[in-house]
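For reference, the structure I am asking about is given below.
First chain written, first letter: the chains are A, B, C and D, and each begins at residue 1.
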Amino acid sequence: MKKILITCFEPFGGEKINPSEEAVGKVSAPRGCELKKLRLPVRWGEAQKSLFDAIDAFLPDAVLMTGQAGGSSAIRIERVAMNLCGAIKDENGLYATGGTEEAELPIREGAPAAYFSTLDCKKIQNALKAEDIPAVLSYSAGTYICNYIMFSALDRFACENRKISAGFIHLPYANCRKDGAPSMELDVMTRALEIALAQIILGEKL
Amino acid sequence: MKKILITCFEPFGGEKINPSEEAVGKVSAPRGCELKKLRLPVRWGEAQKSLFDAIDAFLPDAVLMTGQAGGSSAIRIERVAMNLCGAIKDENGLYATGGTEEAELPIREGAPAAYFSTLDCKKIQNALKAEDIPAVLSYSAGTYICNYIMFSALDRFACENRKISAGFIHLPYANCRKDGAPSMELDVMTRALEIALAQIILGEKL
Amino acid sequence: MKKILITCFEPFGGEKINPSEEAVGKVSAPRGCELKKLRLPVRWGEAQKSLFDAIDAFLPDAVLMTGQAGGSSAIRIERVAMNLCGAIKDENGLYATGGTEEAELPIREGAPAAYFSTLDCKKIQNALKAEDIPAVLSYSAGTYICNYIMFSALDRFACENRKISAGFIHLPYANCRKDGAPSMELDVMTRALEIALAQIILGEKL
Amino acid sequence: MKKILITCFEPFGGEKINPSEEAVGKVSAPRGCELKKLRLPVRWGEAQKSLFDAIDAFLPDAVLMTGQAGGSSAIRIERVAMNLCGAIKDENGLYATGGTEEAELPIREGAPAAYFSTLDCKKIQNALKAEDIPAVLSYSAGTYICNYIMFSALDRFACENRKISAGFIHLPYANCRKDGAPSMELDVMTRALEIALAQIILGEKL
């Protein structure tokens, strides 16, 4: 029985829903998997603490993180996370410094510039495409909380030398929008996450 | 009391819903307006007959036709309809000839090449933009049943010299899609149609 | 020997060149064709006068008009011209009224709403695609001088009941731009016009 | 007098020119700068060797690498290079393994996952925007030879603990194309590189 922690985010930026929360809420645990679902806040610091607490309590074998990529029209499987908090205000109205003065800074001073996902991203992409779900490999998870969380998990597992596979999947909007932006059926995204979980159970990369 | 006929289409091309049917279904008649709703088939010939029958029975002062513009991310207010049935198979699998051999033909042999919408498209666009609803003027309603219906109504009113204002509004998808295409909130589109109706009541162009 | 008048436009809107002028300048007359080249001003009124004067002097069997479609990444073969001067200031800084007050008006009061191109647009598109040149059929030539000129020619030939085939082809930018917009090789566009001319000689639609 | 090595690439993928070669060829050395220009092959292994040889011979204070980002409509200033040779055949028809069997592999086994550019990318972007040149920060330099060269330089300077600032700038196409893809004026791109060089001379980040 493999223990997998799957995370999503709360709505942010004025959105009423976050596709990651909707899809994760509907995901069924594949056979052979004990699944723990966790909703993270879109706040520097707090998001990381919440993630780390859940890892300590649940002791997962793998962590699949998910988030919203507004404007994307495909599932994005992130291959790499950077050691960078962009100059973006979080839901508390604060930069990663905890202050209101615009600033960009490393996620962890002294940590490597980046980590690769330890999921088999290509295998997940192929499995999605086999079911005609639009899916791309992405080489940048952005500079906001999604990248922050992905980097934080990979950095911690690397530092502690723990064999926990971890990676991130970005989802398009799950709701029709006033501005006519691209969106994707929630059922398709839910299915995409179940396909990814099934691939993780089959044998992660690490 | 102004009588307005508002039309929409059935789902087509394998879609489960048609945004025009969804939005028209939810539209409330603005004050001073008796509203008649009509769903048209996506079939050459039948769509026109159904429209003409409703016009004969209801005797509207204005006709607002609506349809789906898949892939669009804004409300499209059509300014002109062409005398052309494109070489496109309808839901019966037939071309406008009624046959299966690829063919393009005029909607009515001997009719003018085109008619302008007799709605005040610019005023409707301005009213939509005043409520931050993405709206563009369009100078081509395509070559399928939407253009066919718009042309048919305008042609008939011109031939009979009847002062009935008529025009067409294209709507983006109303549902999230597997392919991540643009879509728009149903409530926004419903509101857009109510705004258009209110403008039509205020005084049409003709 | 078929006489064909081919027209292009001067640069406008601050551009240094107009792709239509560049391409028409390089076009060679296909065999069996006497070709007359004409550069038109981007000015309401003057453009039409210049076109009509050339038609009177040259007495062509066919007229191929060309212009710039900034932002397009394909050759656009226009199927229809509308009886509409959009509310756009020309190179003299004037609207189609000849004044500076924003106004939209018909090209010719009392004329039909539109004319179809009397070239065989589909045949031209197929001939272009056969040489791997990106080409689309377009159902709107816009509301500026290109549409104005196309309508003017078709309207005049219809009024005078003259069997002169006429149509319009829009071209992408021919130069690399500061804003990184799409553009197309001049040689490809020149070739495209020669292919169109060859199709016109073979036998026009009318 | 600061010594700067500026590199570009040969044309590849069937292209007749490479915008980086064209722009670098025209770049003038800003005042206070000794500029060395180097054209690199689009071949795994050889590109790196050629770069390293030039660094050894010239002993630059800074290295500005440039390449082609086909399809982009803006100057892209790369912030990060990954330790990854994508599964892409080079101009010799070989993968980074030197063989023909599809494979993805690290640029240097055991090296960090990524390095950040040691140029002040934000300052360069601001300087470009001050002259209305479209410029974006990019967080992925792709997985081909551009990323390979950027990573190789940064990795070597880090390993040898040398204070040589280095970074990469991607350029749009410099020629109009048959497929109507975005492109940018060569003079604008040449100017962009001179602006970047001036910023590097003013004081690099490191």
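Here are a few things to note about the model shown:
As a convention for this text, contacts are C-beta pairs under 8 Å (C-beta built on N, C-alpha and C of every residue); 3 or more make two chains touch, one makes a residue touch a chain.
What you see is a predicted model, and the numbers here were worked out from it, not measured in a lab.
The two sequence copies chain C and chain D touch through a face in which the numbers common to both exceed half of the numbers used overall.
Computed from the mean C-alpha positions, the centre of chain B lies at a distance of 30 Å from the centre of chain C. Between the CA-based centres of chain A and chain B the separation comes to 42 Å, rounded to the whole angstrom.
Among the residues of chain B, none is found touching two or more other chains. Interchain contacts close the chains into one ring where each touches exactly two others, per the touch definition above. Taken together, the chain A residues at the contact with chain B in this complex read 72-74, 132-134, 172-186, 188. Every residue of chain C that touches chain B in the complex is listed here, in rising order: 80, 82, 84, 112-116, 138-140, 142-143.
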